[in-house]
Amino acid sequence: MAKYLALTNDRVTEEHLHDLITSIGGLGGDVEVRQSGARLLLIAEALAAEGLEAALTACEHVRTVVDADLPHPLAGPVADGGRTVVRVAGVAFGAGRPVLIAGPCSAENPQVLLETAKSVRDAGAAMLRVGMFKPRTSPYSFHGLGREGIALLSGVRDEIGLPVVTEVMSVRDIDLVAGVADMVQVGARNMQNYSLLVELGRAGVPVLLKRGLAATVSEWLNAAEYLLANGASDVVLCERGIRTFDRTTRFTLDLNAVPVVKERSHLPVIVDPSHGTGVARYVGPMSAAALAAGSDGLIIEVHPDPAVALSDGDQSLDFDEFAALATRLRRICSALGTGLEPAPGLAPARP
Amino acid sequence: MAKYLALTNDRVTEEHLHDLITSIGGLGGDVEVRQSGARLLLIAEALAAEGLEAALTACEHVRTVVDADLPHPLAGPVADGGRTVVRVAGVAFGAGRPVLIAGPCSAENPQVLLETAKSVRDAGAAMLRVGMFKPRTSPYSFHGLGREGIALLSGVRDEIGLPVVTEVMSVRDIDLVAGVADMVQVGARNMQNYSLLVELGRAGVPVLLKRGLAATVSEWLNAAEYLLANGASDVVLCERGIRTFDRTTRFTLDLNAVPVVKERSHLPVIVDPSHGTGVARYVGPMSAAALAAGSDGLIIEVHPDPAVALSDGDQSLDFDEFAALATRLRRICSALGTGLEPAPGLAPARP
Amino acid sequence: MAKYLALTNDRVTEEHLHDLITSIGGLGGDVEVRQSGARLLLIAEALAAEGLEAALTACEHVRTVVDADLPHPLAGPVADGGRTVVRVAGVAFGAGRPVLIAGPCSAENPQVLLETAKSVRDAGAAMLRVGMFKPRTSPYSFHGLGREGIALLSGVRDEIGLPVVTEVMSVRDIDLVAGVADMVQVGARNMQNYSLLVELGRAGVPVLLKRGLAATVSEWLNAAEYLLANGASDVVLCERGIRTFDRTTRFTLDLNAVPVVKERSHLPVIVDPSHGTGVARYVGPMSAAALAAGSDGLIIEVHPDPAVALSDGDQSLDFDEFAALATRLRRICSALGTGLEPAPGLAPARP
Amino acid sequence: MAKYLALTNDRVTEEHLHDLITSIGGLGGDVEVRQSGARLLLIAEALAAEGLEAALTACEHVRTVVDADLPHPLAGPVADGGRTVVRVAGVAFGAGRPVLIAGPCSAENPQVLLETAKSVRDAGAAMLRVGMFKPRTSPYSFHGLGREGIALLSGVRDEIGLPVVTEVMSVRDIDLVAGVADMVQVGARNMQNYSLLVELGRAGVPVLLKRGLAATVSEWLNAAEYLLANGASDVVLCERGIRTFDRTTRFTLDLNAVPVVKERSHLPVIVDPSHGTGVARYVGPMSAAALAAGSDGLIIEVHPDPAVALSDGDQSLDFDEFAALATRLRRICSALGTGLEPAPGLAPARP
């Protein structure tokens, strides 16, 4: 029994669909239809593989046809080896120039946030990362400003002129966060929170999908598959360290994942050396290594005074360290025949 | 600075609270108040540890006072080494007699569910496990009957007369599931889905908290802490295999966790040898081992015909295998000076 | 191309061998001959599988014929599912009654050794474990009495009347140790020290082969294969904890290995809960669990005063704890329909 | 009680030693003396730390004095943060220019060895790696040419003019191998084969010490400590992949180890991306990443026709791939402000 997935465009009608189902029915086959954002996802089965593929491809509103028995059909490699460029508010992931994302672990207060945002922008970051909802091991730790911080985020974005990525931890916050952030992060601990993935996919927002602490590359790509199958079209993967027996570093940043993902998926992949090592002194060497390994970007924690940060101070760079690192990374990019992705020139804040 | 947690009973009033805050204010201290189910959780700080503890203990509506700087204050060991007995619809976890929970991985259809439920009840199970929402690696796998299955669950529970535990994967399903199930399971992949833990805690429903694939015992107890801090009072832990380098078994069932949890927590702990090994042939030996290690119970997958099960067939016992295992476990319990927890004699179905 | 291994008996002659090689040559095949202790190991290849197997089986001095393409042909399961009983100075491993081995981590001095040996014998141990060469992470830690301790070992063995197992770490010490000990232990760190395995195999001494810290079951059985292919006939496996992300216990004692080895090998397997957990308080529950899982024995560290032991005090039981545990284990054995293997009644010391 | 280690030079006499022991005796202290190659290792204890340190430093023949309570006193960081340059037959490890070592996994025959050696020399390798004794999981796999290959090694070294590193697996082969090779490799499976480390240390030969599959950085440095404490002065560390839950790559090459070792040890550290990933396609990106992370060199497997190699073909580069990689690595070195270490210009072969 052959099985194919097909994604339509958003102009497909009941009538088109009816025709397609009839034609596949004529092959003795069957079609399951799921909404995938504004498009439809068709899961089609028939005995005759060639006839089935032809019927799907023949439909003018079908955009993607892929063998459903592949391990992660929509997230896997595409036929011609091409790679997807994901654009987030003018920033291109996977187009050859690594994207430098930086910012504080959590927005402790407006002053720290604004000061840090300015500093990383001036040093060359193309995008801002800010934690509003912070997953913490203990229920009594600081969990970020939460919903109260969202307005703050919007103001900083407009003032600094950089697109913003921030984490969402609950389906109940998706609308709020997606209304303000340019990209939504799924944290490592939620990589297999399937209900979150499904609802984020449906929301159609760009997603930065962190690898789970104990996720194989295949499971990680299957998490991306949940997003893509439910309507997401802009997904960037982020390696952030896996859990191994060695606790010399907080996690084991797995740079092998970079060439592996490039082979097994068409999606861009970036690296988080701050969480991945948990030690500020190792962020520099591992950032350089990530770019040399082919990473499409970096996401780095910066804080005006790491020693007093409310969370993750041990792994944050201060302003000078970050600026020096950015300079060094530019030199490596140039040896690799490219440069860092520039800041996008956001439209000015609404008057 | 000393820091204590205190849980009130559910009769505490604004006035009591005001008095307490005033008294701690008199010590130069401060109190943060959080709702924890029908009770309040007080997080109190002051310079003078003894005075602070005394002030909290003196309040007649305060039930539990515990040092907040312990790694997981509410889930950790209690002062006198006592162990909590969790009662779920008449079934006692942690009272000395291991609880045998069994049932199909997922409820594929009413017939299979009912037949399996009868069989495990007759073999000696005290509680029924049924999967309605199934977390699966691929978005295209069978995900259980979902919301449609909930009515089915209610019917089977009444007909068979065993309490039921089933997994919930989304905050949006908590009310629905908690209205039917006697106990709600948090799966391994959601162990650090903090928004789910917070809302389950608030719902006050008994929770079976599975250990995450890469969770240390301390992180697992902190997940329990989220439940307890938000209002849960009935939490049972479940070891279900961790992810290690060895893939001879699907996961590495970590029985060491049983004596470790008994030392580091007052909560009951049971073992899932079906998911923990992923191989039906190993379920018997590992079940016996779990009881010998001191486990407060077992949760085992049973299916009328494992070879055709829609999910997890490799690890399910058939009816005869389960009945033989139950007999063997009774013999081991008896060598350990106890017996299996009996079925509770549920009130008959509503007429 | 079919490939078979064949082990001869020790009466095979050049002439027999010549006939066999000629007969396989007649099939267009080829034979590589290796010494395996007093026997020969034949590695035979030919296109015709059936003819090859028949030719080997037809030779009256061939004892074992096994498909060489199996993962570990000599250590793997035997055709009829039978299990090998390994006898060491009258103690039977794998014959149904678990063997209790106990003793001090290292022989610090004659007094401690003798006192401990008497105590564990009286409590029911069938065999004595003593460390003379101790592998230690630091070159400056106490490394045991070494070669000086070997004479001591001999004396204690005769006085107590229990067979002795002790570790050997260098090929240079094999003769010395094998001249005194009844069984030689290969430690976890040397499990893939192939030159040690080869020479121990050739020495023909009974071997207790510990599992490496990061060894899959398959690699462990391949280490046993090295012993068996080089002439060893008495090999007992020992699970002693693997290295995982969780450091709550020193290692993660992997009891799953017990049913797995029973399925994948004909060799007996025992468990070391002392090194496997690193915590004396967990030795009791994990010992009971190991027997319930089907372990053919236990090896447990005992010390008169663990708090002052020169090595591994944290994981040693004192005399009373060991005696109480032995009683408890006897009860579990009885529930499993068996009993502990008794001490062998060694011939008295030479006059 | 203060405890210091001191290494003497090789001109220390009985008399010097006697004076030193007397002087430390005068402080109420004690000295243990061990041979460490041509030098002595003194392990000195006394109550007065300052007096003890002064007494040791005062002795004109003492070269190194270090606190014995550090985790690995001789392998750990030196006081001024300086790094040791290890010179092997004219090749400098740790002097700023990364060393490129390349060659076949195992020397299958003279032709393949010679051809490969010429090709990697011409592409820019500064040193040759050749496997003569190959540790293999199965006793029936190809284990290299062994002792027969040693003469071959000597011939190739002279003809090609590159220094050679090869593995030794048994103490019985140390003299033979050290007589021909410029550097001896300790493989991952033997990292805690302490008797091998002790005898290699005594032999005084330069050692390439691979990290064990499950070794923490601290255990790895302690293995180096065994070498240094027994007389080795030229030790280079080699990260070669650790064992984790993820089997997408054969091992998880842990580049974090590079900055970690640079902080915790004065020894040079290189990286083996061939064994570390097990996949030829990933060797290029991970080599580049290793240099960017600060690695002092690379060791890479090359074979004229990887598809037919007797061992490790999957991870070997062919000649063209290696030459292209060397070019790319030179470009990255140049961005990092350095270049690859050149071949040393060995003295020509004996006439």
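By letter and in written order, the chains are A, B, C and D; residue numbering begins at 1 in each of them.
Quick note on the criterion: contacts are C-beta pairs under 8 Å (C-beta built on N, C-alpha and C of every residue); 3 or more make two chains touch, one makes a residue touch a chain.
Please read these numbers as outputs of a predicted model, since none were measured by experiment.
**Student:** Determine which of the two chain pairs, A-B or B-D, is joined by the larger number of C-beta pairs in contact.
**Tutor:** Most C-beta pairs in contact, of the two: A-B.
**Student:** If you average the CA atoms of subunit B and of subunit C, how many Å lie between those two points?
**Tutor:** Taking the mean C-alpha position of each chain, the two centres sit 40 Å apart.
**Student:** In whole angstrom, how far does the Cα centroid of subunit A sit from the Cα centroid of subunit B?
**Tutor:** Going by mean C-alpha positions, subunit A sits 33 Å from subunit B.
**Student:** Could you grab the centroid distance between subunit B and subunit D? Build each centroid from C-alpha atoms only and quote it in angstrom.
**Tutor:** 51
**Student:** Where in subunit A do residues touch at least two different other chains?
**Tutor:** 214, 218, 243-245, 247
**Student:** Which word fits how the chains touch one another: line, ring, star, complete or other?
**Tutor:** Topology of the interface graph: complete, with all chain pairs in contact.
**Student:** Which bits of subunit A are touching subunit B when the two form their complex?
**Tutor:** Spelled out, the residues of subunit A in touch with subunit B are 5, 43, 68, 72, 135-140, 169-172, 189-190, 192-196, 198, 212-214, 218-219, 222, 225-226, 229-230, 243.
**Student:** Contact residues on subunit A for subunit D in the complex?
**Tutor:** 214, 216-218, 242-249, 252-260, 263, 276-277, 281-282, 285-286, 288-294, 331-332, 334-336
**Student:** Hey, which residues of subunit A end up touching subunit C in the complex?
**Tutor:** Against subunit C, the touching part of subunit A is residues 214, 243-245, 247.
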